[in-house]
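Multiple structures follow.
What follows is a pair of complexes built around subunit A, which joins subunit B in one and subunit C in the other.
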Partner chain A sequence: MTDLSPASSTTETTVGFDLRRTGNTWQRIKEGIIEGILFVAGISSVVITIGIVVVLLSETIPFFTVPETKTIYTPTVEGAQTLTISKIIAPVGTYVDKGAPVVEFSSPAGSAVLTATASGKILKILGEVGTTVEMNKHLVDISHLVTLRDFFVDTLWAPVFDDPRYGIWSLISGTLTTTLVALFVAIPVGTIIAIWLSEYCYPNVREVLKPSLELLAAVPTVVYGYFALLIVSPVMQWVLGMFGITMGGFNMLSAGLVMGIMIIPYVASLSEDAMRAVPIQMREGSYAMGATRVQTALRVLVPASLSGITSAYILAIARAVGETMIVALAAGQRPNFTLNPTQEAATISAAIVQATLGDLPHDSTAYRAIFAAGLMLMLITLFFNIAGYLIRKRYREAY
Partner chain B sequence: MGMITDSSTVSSGSAPQLAHPPTPVPRISDPLKAQVESFNFFYANGFQALHGINMPIADNQVTALIGPSGCGKSTLLRSFNRMHDLYSKNRYEGRIILLPENINLIGPELDPIEIRMRVSMVFQKPNPFPKSIYENVAFGLRVRGETNKRYIDERVEKALRGAALWDEVKDNLDKSGFALSGGQQQRLCIARALATDPEILLFDEPTAALDPISTAKIEDLVVELKKTVTIIIVTHNMQQAARIADYTAFMYLGQLVEFDQTNQIFTNPSNPMTEQYLTGRFG
Partner chain C sequence: MSDVSNDKIVQLRSQIARRKRFDRIFSSIGGFLVVLSLLTLGVLFVNLVIDGWSALTSTYQAKADQSGFGRREIIGKLIQEGSEWKLQLRPLVLTDVDDATLQPLVGKEVGVKGRMARAPESGFDPSSVGPIEGPVENYDLVGTLTRQQMSVIDSQGKTVQTAVYTLKARPILVDVSGIDPSKLNPGQDVSVDPKRALSGGAVVASNIVPLVTKNFFNSFPSRDPEQAGILSAWVGTLLIMLVTMVISVPLGVAAGIYLEEYAPKNKLTALIEVNIANLAGVPSIIWGLLALGLFVYIIGTGRSIQTAGLTLGLLVLPIVIISTREAIRSIPSTIREASIGLGATKWQTVRYHILPYSLPGILTGSIIALSRAIGETAPLVTIGALTFIAFLPPPPVEYKVPEAEWAVYQEALKANPSAPIPEKQWHFQPTEWLKSGFTVLPIQLFQWVSRPQKEFHYNAAAAGVVLLALTLGLNGTAIYLRYRLRRKISW
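Up next, the complex of A and B:
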């Protein structure tokens, strides 16, 4: 008699099977190694990204939370040799706003007031009422904390000045202007090249042209930088001169134009890939409706490959936003809150390079400012990536 | 519809050998829309895909092209709207006469775009454009430079009704063409092809990618459409040809083996190869 109770059943019923349990031992080890390599490769990009964010935040947070001591010097009065402190308006321990009077002086040539160059708490005053002090000497220390307001509302970036300023907008304006100029070049030219390569060009010509175009992206950016400064800039000066516009040797226009040339391959090559990936039956469907080549390209293929083309644009934008060498060489390195491309200006990346070339002490606020600027750069890129993701999601076509 | 056999229409040339020589093409008494005459086709690599095809296309009737894969039926179909012109170095020989004007469809002096305005095509896989349902149907009018909104509205509705899709999509004309099911997408493609009032409608295996219910709808539609347009359909499905076609052409190795009225071909084929193919002994 057969016992049917499950407890004594000797055969196990397997529902489905574990793929990792198939094959012999050696095969399983091999598969395991490959799986491991794939996992490490996949996870490394995530880990690196997180690591970068952690580093940026670890310096950016102290930038906004650790106060720095600012020294204020006695004012000068013409005709006087020394000043005498007549009144202390803001004693040690009080908070003052920027521009608020701190100490009043009198002298034979007239009176003077020392005002706070930054908001914060008065740490010390080297003197008291009646003390005679020399002009232009260290007198007051203020403990100043960089606020989000200093960062986002101020329009001057000068972290190493005696009166440091951290207005990120003067750098963002430079970054946006050069990027916009670059996109004005790269998006039309790159897209037209992509359409031409994918729809008009003979296949064997494309085989030669596309790799040569991609070489443009392989030129070292320092070469592009000097190209912009020494060739494009004088040419643009001459061209604009004909319209009566004068432009300095350092300008965002030439830097942006050359950056645009540099990112053409990103736009053209990736857009062309996307357009060629459109299924043949969609292309034929358009021609079968009596459409011309231009109509097929612009009304069917471009919309059909819009998600790929958007990716190409986003990559090009990210590349332009982060580009350093061209703008550092050709756009000048003077932070300048303007969107006028004929002006010189510094971008975020150029300012970072410039700051790190000097010898900034590691614990200084100016040093931390670099990381805050770097975080902004990353946020801008992230913004464009998210925008691109949303556009791709909106236009993704399932053919 | 009496049949008069024309024995002078088959030319073999360098054609590959068939087990049984092609049956002479009968002359049909229905009014003609087109006439294929001594038609050869060469692909860019020099391969001759069609050999001396002679075939009438009856006006406002359904003509089915059947035969095993690689027999040249799609190649022949795609010659009617000059799709081969899209790829350089393809070569036509002979004539495809479009009636009543008596113009040669494959004449090099004729602009293929002109032809495609008069001969529309529906493909094997539904291929709506990445546009709204409305814009998909309006596409043919737009590429012809039509801008009158009211006229386009009218034509879009008429085409969608003609493709038996209007009732299903009339409230969603702004939705993407991709939002439709496979069968609906194929009817959208038919509406797109109808919107420009073609004289001939080519179907390249239109139901190969569809489920049986969608297939039945398309078949009904084809029968309905022949009232207004001449239809040529390539199909792998012999029952489909038997159900919807008035005339059937059996092709093999780039040659037209037999052409006749559909019931004649299916009940009493005159070429033994046709019978072998229809009974599933090869192909």
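Up next, the complex of A and C:
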């Protein structure tokens, strides 16, 4: 770089030259700064994803590694007011399994054995052999660790019970049932609509109908929840009542049906895009062989655009799995291990909503449990998203 | 054709007819399903409007100071006669009356004394109504009595005839001493507590509370479904959308420009692209957990408007990025090449060509993002917004008594009832509203639907109409913009 000080700029040409050089340098710096800012914006989505994963893991890992203290109360013996500790079977510091005896009592009315309500290490026993305790009083503390087995094998989700349970399957069953009901509606209806829009409809009518159908996905889900609970559910109760089936006001059937309506545009719109991407020659070839429109659609277009249609289905599944407000309102918020759609049950998302509605103490195991459930939901949707991406990539027909 | 038998032709023809019939049936099924889907949307909207209509349109009168009505409130209208102020009470309905004692008084001037109320509607014990004896000043109210026969359905469901008396009171004098009369408006509806304010046929002006007409849009949520409204909800929605847009649009557009114009073809770019696609598929409840775990507990922004706006801003970010990229991608590369060819730098090309030409697409995407954010409920429930919010966030500039001085004044008032009221001051608090608690339309709706009472469901329907009109309106605008601008631009 030449000297830029005004003193050395003796002639006009030098001044012009120098100014231009200065301008270019500043321009380059400016371009560099702008590119840097844009890069930061571009990378922000990765940072957000890392943030989500870190937050979910930072609560899920303590959920499985930090033990919670469980209290066990003295048993009741009919006819007795107080009990005397006659023997401590599992002293402080020993490990007990769920259901193992911990303390033995005697009383005039009879004897009793206190059993552990959870597995873990005995932290504290409030009383020694020979002391008298009242019934139903806090006696033993057990340091209990939620294990993967508790999470994946148990079939009850009840984090705020006295004897908390964290069986994720009762939530997965609700998620699965509502999603299946939704797909039962959305896949046939959405696919037929897609074929109809791409093969039967006039192009200018399609230009109006397609965005109008997409409005179905734009309706706020809480409004759909209102619709499912207060309109669809009574109608379904009446319809099923004619077949002699009674159903409560909260049921997975209504929630699933409305969720199905919500995801119709995901199926229809994306499948239609895929079908229209099939080259016109294939269509014309089919017509030339004397096929009707429906034959062309079902035997040529659907197989040719199968990757696009499948990824549309998978997107719709991911959307249904993660849907919250419809199920929280219409399917009830009580975890229930069942696949019967006429029953009330909570999905993973509804359980999270239900837990956050109450006042969950931060740093409690119940608080961490919703993050563990959230991670589970995230993994399920991620699985479907990646599967859709791979199917699209692998089976894409190149024309 | 000669070697094809007649039977074969007939068979082929019927086969063709069958195929064509199937084709027609399929066509009508498809059309029927499209209509049915759109009809669902229509039914949903019409149903919401029918259920919510009464809540949307009804108005009620409330005290301007929001203290709520007592059970024995008297409502009247202020009138000015010369320099005198008077209160014209609304006709008072007397219930639970003894027909035999009151019937002779019908059409005559009567006086009311002993205002301790028994009947909740009127605030007057009907047994204190009697003919005027002595000076009128001895009575609290003077007026004429009318009687009407009415059919009323009693508790057993039988229709019974009952007498209903109405007392049309003469205007009562308002004692305006010690109050600035210019603050009183002739014709204003006001409320008076009879137990405290009314004595000797006059009412003290300081005990009068003006009434205002309220509706669904300017009332706070309430335990009384008739008076519950969405004021705090729509203000919250508006403010949160402001924060959401301020975060998501600049960030999303910048990210879109980077990916389309600057990003080299490498693994990092591929990662960002896959990542954005995945981020768009993250369930909204997960964003709520992110907000709860990161913003509320780690960063400590609280259960506030800024947390909600930030969360929704990040939630709709992928929508803005994807629509920006699509808009930029539709600009032909010749535009770029021409700009570079004329000596423009990369940023100049983006600033003067790419951005202006992709602006319609970016605008459409931002509107879609906004409509998505307006309807989001789950992440905000997770943050913990589901509370009874009967206040508005503090405005950026406020003229009020400082809180510390107000507390001192409240203390002083206990010892000395005539303590001077501290002076109001201008407060500049431009970011204070960001830290305020909030509620939004979808959460208000969720709360109302969750209640067992039918009346609250009507309120929920009314909130649903507003919410649906907002989202469908925004989406309609986006569709219209896309359609119009696409026709206008030709490369």
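The rule is short, and it goes like this: the second predicted complex is superposed on the first by the 350 of 399 C-alpha atoms of A that agree within 3 Å, B and C clash if a C-alpha of one lies under 4 Å from a C-alpha of the other, contacts with A are read in each partner's own complex, and residues count from 1 in each chain.
The definition used in the following text is that a residue touches a chain if its C-beta (ideal position, glycine included) is under 8 Å from a C-beta of that chain, and two chains touch if they have at least 3 such contacts.
These numbers were taken from a predicted model, which means no experiment stands behind them.
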Subunit B and subunit C placed together on subunit A: clash or fit? fit
Between subunit B and subunit C, the one with more contact residues on subunit A is chain C
Request  = Answer with first, second, both or neither: which of subunit B and subunit C does A:245 touch in the superposed model?
outcome  = neither
(request) Mind working out whether A:39 is in touch with subunit B, subunit C, both or neither, as first, second, both or neither? (result) second
Request  = Tell me which partner A:329 touches in the superposition: subunit B (first), subunit C (second), both or neither.
outcome  = second
Next item on the list: Return first, second, both or neither, reflecting whether A:300 touches subunit B, subunit C, both chains, or no partner chain.
Entry: first
Note to self: Once chain A of both complexes is superposed, is A:282 in touch with subunit B (first), subunit C (second), both, or neither?
What the structure shows: first
- First (subunit B), second (subunit C), both or neither: which does A:385 touch? second
* **Contacts of A:292 with subunit B and subunit C, given as first, second, both or neither** => both
### Query
For A:189, is the partner it touches subunit B (first), subunit C (second), both, or none of the two (neither)?
second
Shortest distance over all C-alpha pairs of subunit B and subunit C after overlay on A, integer Å, is 7
Both partners, subunit B and subunit C, contact subunit A at residues 292, 295
In the complex, subunit A touches subunit C at residues 27, 30-31, 34-35, 37-39, 41-46, 48-49, 51-52, 55-56, 58-59, 189, 192-193, 195-197, 200, 207, 209, 211-216, 218-227, 229-231, 261, 264, 292-295, 315, 318-319, 321-325, 328-329, 349, 352-353, 356-357, 362, 370-371, 374, 377-378, 381-382, 384-386, 389
Subunit B contacts subunit A in the complex at 81, 83, 86, 113-114, 116-117, 120-121, 123-125, 127, 129-131, 139-140, 142-144, 176, 178, 189, 192-193, 196
Per the touch rule, the subunit C residues reaching subunit A in their complex are 19-20, 22-23, 26-27, 29-31, 33-34, 37-38, 40-41, 44, 47-48, 250-252, 254-255, 257-259, 262-263, 271-272, 274-279, 281-290, 292-294, 297-298, 314, 317-318, 321, 345-347, 368, 371-372, 374-378, 381-382, 384, 386, 442, 445-446, 449-450, 457, 460-461, 464, 467-468, 471-472, 475-476, 479, 483
Given the complex, residues on subunit A that touch subunit B span 279, 281-282, 284-292, 295, 299-300, 303-304, 306, 395, 397-399
